[in-house]
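Listed next: structures, encoded as structure tokens.
You will see two complexes here that share chain A, one where it goes with chain B and one where it goes with chain C.
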Partner chain A sequence: MKFEHYGIGIAKGMALTFKHLFRKPITTQYPEERLTVSRRTRGNELVWDKERCTGCATCAKSCPEGCIEIITSRGEENNYIVDKFEVDMGRCIFCGLCVEACPFEALFMGYAYERARYRRQELVMDKEALLLSGERQPSGYARPKIEAGLPRQTLLLDRDKVKK
Partner chain B sequence: MAIFNYYPQTLSPDWPGGYWLHWGVFVVIILVFVMAMIMGFIWFERRGLGRFQVRLGPNRAGPFGLLQPVADAIKVLIKEDIIPAKGDKLVHWLAPVVAFVPALMIFAVVPFHDGALLADLNIGILYVVAVSSVGVVGIFMAGWGSNNKYSLIGAMRAVAQMVSYEIPLALSIIGVVLIAGSLSMNSIVEAQSIPFILLQPLGFIIYFLAACAEINRTPFDLLEAESEIVAGFHIEYSGMKFAMFYLVEYCEVLAISAIITTLFLGGWRGPLLPPFLWFLIKVFGVFFLIFWVRSTIPRLRIDQVMAFAWKCLLPLALINLVITGIEVIALPPALLWTVMFLNLAIVVLLALLWSKFFRLGGGRVEV
Partner chain C sequence: MAIKTEPFVINVGPQHPSTHGVFRMRLTLDGEVIVDVEPVLGYLHRGIEKLAEGRTYTQNIPFTDRLDYLASMSNNLAYVLAVEKLAGIPVPERAEYLRVIIAELQRIASHLVGVGAFLNDCGAFMTPLLYMFREREKILDLFEMVCGQRLTYNYMRIGGVSHDIPAEFLPALDRFVTTMPGFIDEYDQLLAENEILLARAKGVGILPEELAINISASGPVLRGSGVRWDIRKADPYSVYDRLEFDIPTGSVGDCYDRYWVRIQEMRQSVRIIRQAVEQLPPGEVRTEVPHLLHPPVGEAYGHIEAPKGELGFYLVSDNSIAPYRFHVRAPTLINLTALRDMMIGWKVADAVAIFGSIDICLAEVDR
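After this line comes the complex of A and B, so read on.
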């Protein structure tokens, strides 16, 4: 005798929802906690390594939006000095072609995502804003050497509790 | 134990003093109680449903989101009040009031303590049945006055549902009344040496389901089925009037929880704790059950709802009435526990039988 039609189904359902009462909430309380971004993300910003950059402007040429502006001058040791390196993030489509194109691995994607601004002008990143630093670490996107050292999976696993 | 002797075990019928003082005090108590409890219920349901869905629910306004209902109330008060251009303005304006007043009137006969109620009517439960069905007039007025096809469909469904479910609702109450031997709510509570849910399990189930249908809680919330008719009867309401309908919804849930508590769970009776606290605990327990069902069971189709009322609940209510009548007349009161187990066996038997007879969904038999 099957007991599927004798109210057992409802009882099973009620028991299941009751069990859910005691599970940990899966929601992230955003300003206090935030999910860890994947370490391989094709993120929302660019990170620039000043030391490795030769000023070849391959990134600017590869950009489909033409939003990278790079002006160089001649240095003493027959090299380029980067005078101006500006990326208009308001026009950037985050395709990552500039990162892939860079022959000297001097340009990376970054992790930041809270990059909303009130004015378009504030979205233009200049040399100082693009610099690699402690907080602005490069992501593993299109950089196999960095990727090799990353944990296998970081997305949706960890939550940072950041006090603001 | 000595501490609790502070609470008097019985109160005189005109407890705070004179006749008018009694009315005044109890009107204020009921208004404050209903408003505070509605706020509490809204918070409790939103937090509880959140936990059922593995999320937190409102937690920003105040500690644990306790001020969320207050914030919502303020928000809704300062919103624009829109009346449809081609709607029936007077009916549209009156509908929330007509819906709210009966829901509030139910509390006149709900005993919070022995004798602590606004009016100890000797026809208390009959009054509840009579008054609670007036609320649907307000809902139909809302549906009609909005001049909107969705709201009219929602209102029609509400009326059909109300008319159908009133019958098993009233019949399941009669079982309790037969055992208690009185229609007065206070006497019914006094008669419950053991909660009537043990003596009337079938009556409890029928009353619970019919009441859920009557106040349009989720398995039967056809009149505001979001996926079919947008928001049902209150689609054209905004601002304060919408807030009134929101209040009506929770006021009715509160009323039904209070009545189930009074009829089946022993009302204010309980050991150790003061009676009012027992009443509150039981009300919250019933409400928890109601939104537990809400979080579990999906909405039925309108024909399924009607069929469930007429083919399932009505015959069961009649059988329950006959069995209770026979038990009250034939069996001596000493056999209380025997009756309890007998009734439980009858519930199991009837549930099995009706699951065999009664199938929802017409052509579809096996899943």
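After this line comes the complex of A and C, so read on.
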């Protein structure tokens, strides 16, 4: 193949790369700087509200992975008592279908994102481990009331200058 | 005196950076020229089609995310269209528009990766890919905002979408749509005239028009060969018949044409999103469907123009809660059948570029 002005195309490309040298970096120095995740984030272990859960097991039935295990017994007032509520987070695909399905708003996706574990057994979470706590906050996925109270997500788009 | 030579067989992959996943090609070489190619598939086979037969219609939506993970939203869309056809479920107008906006954003995101990886294979190591990932990141931010995830979205639902968009979505989308054409120009400036790219992509790996039709290729691979075929126009689904856009086509069907078609499609997608946002009506985003759907006995095929080609889901229902048969028409698997014809006669270095220009996703090929 023949080119009449060999090198001009490359020079143009290089000019652009050179221009990038003076742009602000778009990366984040992670452990020091942290981004805010979406209000509807769906990346973390489930959070369970013991008081509201009736033991209906709708969540377990709607899970495609079958990783929620619920065992109930009959209580005095003909209600369910949840004896076992165990979620194997190692098998969970974070689809959020269980949270959407729960008719009593007793199950939430988690909001924080640093939940790595050293052992697989630690990912099987029982009743106590699933409860809400200081670092286990619910996300606003399928829960509009919680969503309204969470901080705004950081967007990379905000760093662009908009030229009309 | 002629020296007696023997053909030489090399394996490219399954663990090779330019096979975009776990794909293996057995190349038979004569010197540096390829005389035969045998693709070896199946390293990423997870049996999704079989798994889907044991799950309800709704539970299968997150599974479709795991087919072409670079275009999960499109997979969701194709699948729910098939189920809606099967069960005759109407979709609210607002949901239709949201689906179009999201699907077009997904097309841009997928093409950015496709083009970036192709340029990477051509020797423009990492720079263009990272520029394109920067823009893709913005799309992922938008997706995270609407559905909470950045890769496996699980956003579309049978009869609509899972949530309405949050209030800050449209302003952010507007920013994206205004800035994106500038970035596409930037990619053009970076590489469209680059002599090295031209030398490596122009005239290389030609897929003739007739062959492209015969192997039923689709998407940019087909349009690169000059065939004006796009499901969005040929069999409009959702609200595409109300939107104006062009179908870019190439002329000779070489690697450069496929690259060019993808760049032009991104511009068209931006145009579609602009119109869809203007026409976006208020209202409901989801029709109420029973928790356990029992579609009537029958079959349905839902297909869309996914970023990589025609993606179709074929479902057979026996009136139970799970599909009796779940088949995926994966565009990349069918496009891949052109590989042998495109590669024979080219050099080893071109093999990588030709393979990259098909833009495949192994999770979808092997399923």
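Definition applied: the second predicted complex is superposed on the first by the 119 of 164 C-alpha atoms of A that agree within 3 Å, B and C clash if a C-alpha of one lies under 4 Å from a C-alpha of the other, contacts with A are read in each partner's own complex, and residues count from 1 in each chain.
Here is the rule we go by: contacts are C-beta pairs under 8 Å (C-beta built on N, C-alpha and C of every residue); 3 or more make two chains touch, one makes a residue touch a chain.
Quantities reported herein were computed from a predicted structural model and do not represent experimental measurements.
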First, second, both or neither for A:94, with chain B first and chain C second: second
Partner chain(s) touched by A:75 [first = chain B, second = chain C, both, neither]: neither
First, second, both or neither for A:10, with chain B first and chain C second: both
Chain B versus chain C as contact partner of A:26, first or second or both or neither: both
Which superposed partner A:39 touches (first chain B, second chain C, both, neither): second
Contacts of A:152 with chain B and chain C, given as first, second, both or neither: second
Residue contacts on chain A - larger count, chain B or chain C: C
Chain B and chain C footprints on chain A, overlapping residues: 6-7, 10, 13, 16-17, 20, 26
Touch list for chain C against partner chain A, complex: 55, 58-63, 127, 131, 134, 137-138, 141-142, 144-149, 152, 154, 162-163, 166, 168, 172, 175-176, 178-179, 182, 186, 189-199, 202-203, 291
Chain C-facing residues of chain A, complex: 1, 3, 6-10, 12-13, 15-17, 20, 26, 37-43, 58, 62-64, 93-97, 100-101, 109, 139, 141-142, 147, 152-153, 155-158, 160, 162-164
Residue ranges of chain A in contact with chain B within the complex: 4-7, 10, 13-14, 16-18, 20-21, 23-27, 29
For the chain B and chain A complex, residues of the former touching the latter: 50-56, 59, 292-293, 295-297, 351-352, 355-356, 359, 367
